[in-house]
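Let me give you the structure first, and then I'll get to my questions.
The chains carry the letters A, B, C and D, assigned in the order they are written, with residues numbered from 1 in each.
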């Protein structure tokens, strides 16, 4: 395809030295007398859909037209009740700004680990809410979080729960899980049947099944272990890797079923 | 007898001193004697003039901010006071509270006196330029010359403060400023010569009164254009704001200034902008007078002269703002080339045209007027 | 041009200086050459139409270091990658600035990041790091989160 | 005045970022120039070595604050080659669209900054105002205005929200009208022409020699545009012309960028039509576990290394708003890239500063450097 060069003598050559820009500025002046494009921020907010329509009509400009605020990645909201303490948010955080801290569950009154977010470090990438398998950590349209102290930038799970209770528009985007997701596989000879994985599994998708105790050959010593083996229910598993982290023998690993 | 600013000041002084004298014992009655009254009246006159002019300047800044805002599709100052009219006071307060940092290597005397003298010389102009008949310091037969002479002090003080800042940007800004102002003094004065030729007087009041029926802006259009362009350069406003071209020279000659000294510069710039607009109105747009076909109800209310004068001034300044909103900055060499190669011949031409007007004793469009040419 | 064909062409003029031309998706191929005859390779490749040097980078493979050059030919509208291995204890390669002046800053960066000595470079001084910086951050031995002693010399003008 | 060095930067209104242009001047004439970089060096290439492939995307946004999406695209293309993953077609179109939005946004930002250097304040605000509309569009499909984190290895994070294409069309219509206004304010102004014509001239041969790319190269008569010459993503299926000018001066660069914006609008309109009629997945089906969802146990990464993944090297080059950007990603089978190397077009364009500055005046520095369109973030990385 031939490259169309911009015309060497464009039609916008100066008339009367500066008549064109002066006229353009005057036209813009006349236009903005009705309503300038600026949004008077604390009083007018683009996240308000009604205001968006009004301002677009009043200004005759596509102000805020493109903005879909539901998708906005702002301050997180955490539903403590549905959090399963899977650590995935903390794992996925590229800035390591999420810490899992123990808070009492609203219903059961038992302690459970929930994410605490340091907004001084957070980059609002959304990886944590993408990773959350239960959809309990989502991002909201809230973007005002100035604080006078650094400690105030650390949002405890309770504070994130408060944000949740405000019923702000939540980011509706949920990522589909990849179809060929790796599963937890067991390196069977290493396992000692200690139940640590099943105990700590946040979704209780690991069950310890009995395995037959082999009869030792003469001269062979049976390993000292419990004769059970974990079996992972892949459809319930959220792939958090907690079992791998707690396994004392490092016998669990990621892999695909062949 | 028309009300003049001095008569107002005199009556106020009279009243104050009279009240004081009435409560004093008889020995102290002398405070209300004529010399004391005159002295206090002069002081009051100066104070009123200063305060009113400063307020006017600050409103002018607000006016520019609002106007420029609309040109730029935004709102300008809007939160402090009605439509942000108090914003400049807030800014001034902020600048007054700030510390003025003097660079270690800077020259103390020049660093402090430069901006102060710049501001003072700019403020003196308010005492010379009449905003209505009688509303200046008195009848000065050469008030136009005096005003222009004081107006051209600026490059000296700018250069003093730029040099004593001991900063390369300041130095370059000061150099540019001096070169530019000197280059544009000439066409400025030449275009004023055209006005003086036609009016036959250096007295601003006389010049204005001669424009009762026709404004010099009409027959002396060329002189008006030259004068406005040269005035833009003298005021260092876009497109001629090279001395403080912030893109390359940070802030030009006031780079090192902060706090109140910067406020002095800022204020003086706008004082000069206001004075420039005053001069345009006085010399070319009829000053405080209005043509006779304007209904007399519109021109005969109290202080009508001042009101009309200010309306004209603000419109002229609005044009300056419009230019600022639409045009980029020119380059130093281009500016000087335009100044020496274009402006001066044009200004000379305008003088010749003015001489022709005087010779013909007629104004082309506005008809012949008795007493033309003094 | 296929990588194999190009290899034959290059070998015809360069002989043993070219180790191999490997296929590399999206480019004409990756030319592996011996660092000792770098300038000959640069001149030949430049003469073959690759007049534009886009990037010079270096990779620390711990036991040795690799320097790679990305060049572009306007005529063929194709990229090619030149790559050479240099020993880690003597990371020397001839500077490409005489052939492609645009290599200047890229080589300065490669030198300060991965410690490749470009011989014949006109102005091999720090570019991104402060003057007098004693480390080469993109070496694998430079770990993040470790304290470092940094002496910054400020240049006064 | 004798010759003297002045430091324009690191804090200087001309620099548009954190860098230092040291110029030696004789009066108002520039006799030597030496740009100093590194004030914004954040070691993105080093940090990338400790991050998962998708997590590097967060760095790419911060690499260049006006062209974050282009850099994401650049990095993702190289990573996909290194990991042997192909994105679905719809994702390619969305990426192309995002790329063109970014070009519009970046060029509008350039326009704003460039005219402001010339002392024109109002077009600055017009440019920023119109760029904001582009940011609104970005926000509606990525969820953020500047740091998008949108592209993923194997596709993009999410599909477009409903009604997006209509909104985008509205904004495109608005923008096309604005370009005429921009031209009137700049090209229609005698002062602008006097200041910019014949300024900062760089011939085509010099450009090639010094590695200068992008609008600067195309303004010197070359028609090299990677979108045409080496199409990536969906560019081979779209119709557009390469913007070109011959003079090689500041005005020519202005013309090229303006024309590029018009072409971008043209491309975006085609893509929007295509997207309306071709729904589909936006993520590749088969991606490694640690790429499909961005998680992996951080404390004990070696678990993943029980299995090595296939090795590979990826190289990508895209036509970024500033010029030709390249990425070189080495995948050694771990979950982190072994080495990431970027080529920033600004880096090369800036290294030639001496050649287009010497001989002009101090007052010419802002328009010349403005026409180079510097983004220090991507230059220093």
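Heads up, the rule we're going with is that a residue touches a chain if its C-beta (ideal position, glycine included) is under 8 Å from a C-beta of that chain, and two chains touch if they have at least 3 such contacts.
Every value quoted in this text rests on a predicted model; they were computed, and no experiment measured them.
> Name whichever of B-D and A-B has more C-beta pairs touching across its two chains.
Between B-D and A-B, contacts are more numerous in B-D.
> How big is the gap, in whole Å, between where the Cα atoms of chain A centre and where those of chain B centre?
Each chain's C-alpha centroid was found; their separation is 61 Å.
> Averaging over Cα atoms per chain, report the distance between chain B and chain C in Å.
Inter-chain centre distance comes to 64 Å.
> Cα centroid separation between chain A and chain C, in whole Å?
A distance of 40 Å separates the two centres.
> Let me have the rounded angstrom distance from the C-alpha centre of chain B over to the C-alpha centre of chain D, please.
48
> Spell out, as numbers or ranges, the residues of chain B touching 2 or more other chains.
71-74, 325-327
> For chain D, write out the residues touching at least two other chains, lowest number first.
Only 122, 126, 129, 185, 189, 191-192 qualify.
> Answer with line, ring, star, complete or other to describe the graph linking chains that touch.
Contact pattern: none of line, ring, star or complete.
> Among the chains present, which pairs are found to touch?
A-B, A-D, B-D, C-D
> Which residues of chain D touch chain A once you look at their complex with the stated criterion?
51-52, 54-55, 57-58, 62, 122, 126, 129, 133-134, 136-144, 147, 149, 157-158, 161, 164, 167-168, 170-171, 174, 180-181, 183-193, 223, 228, 239, 241-246, 255-256, 258-259, 283, 285-300, 303-304, 306-307
> Mind listing the chain D positions that touch chain B in their complex?
1, 4, 6, 8, 12-14, 28, 115-122, 124-126, 129, 185, 189, 191-192, 194-195, 361-366
> Provide the residue numbers of chain D that touch chain C in the complex, in ascending order.
Residue positions touching the partner: 5, 7, 22, 37-38, 41, 43, 45-47, 50, 81, 208-213, 222, 224, 229-230, 313, 315-317, 324, 326, 328, 330, 338-339, 341, 343, 347-348, 351-352, 380-381.
> With touch defined as at the start, can you tell me which chain B residues reach chain A in the complex?
So the residues of chain B touching chain A come out as 69-75, 78, 322-323, 325-327.
> Using the touch definition up top, name the residues of chain A that touch chain D in the complex.
Listed in rising order, the residues of chain A that touch chain D are 1-6, 8, 10, 12-15, 17-21, 23-25, 28, 37, 61-73, 88, 90-96, 123-127, 130-131, 139, 171, 173, 175-182, 239-241, 244-245, 250, 253-255.
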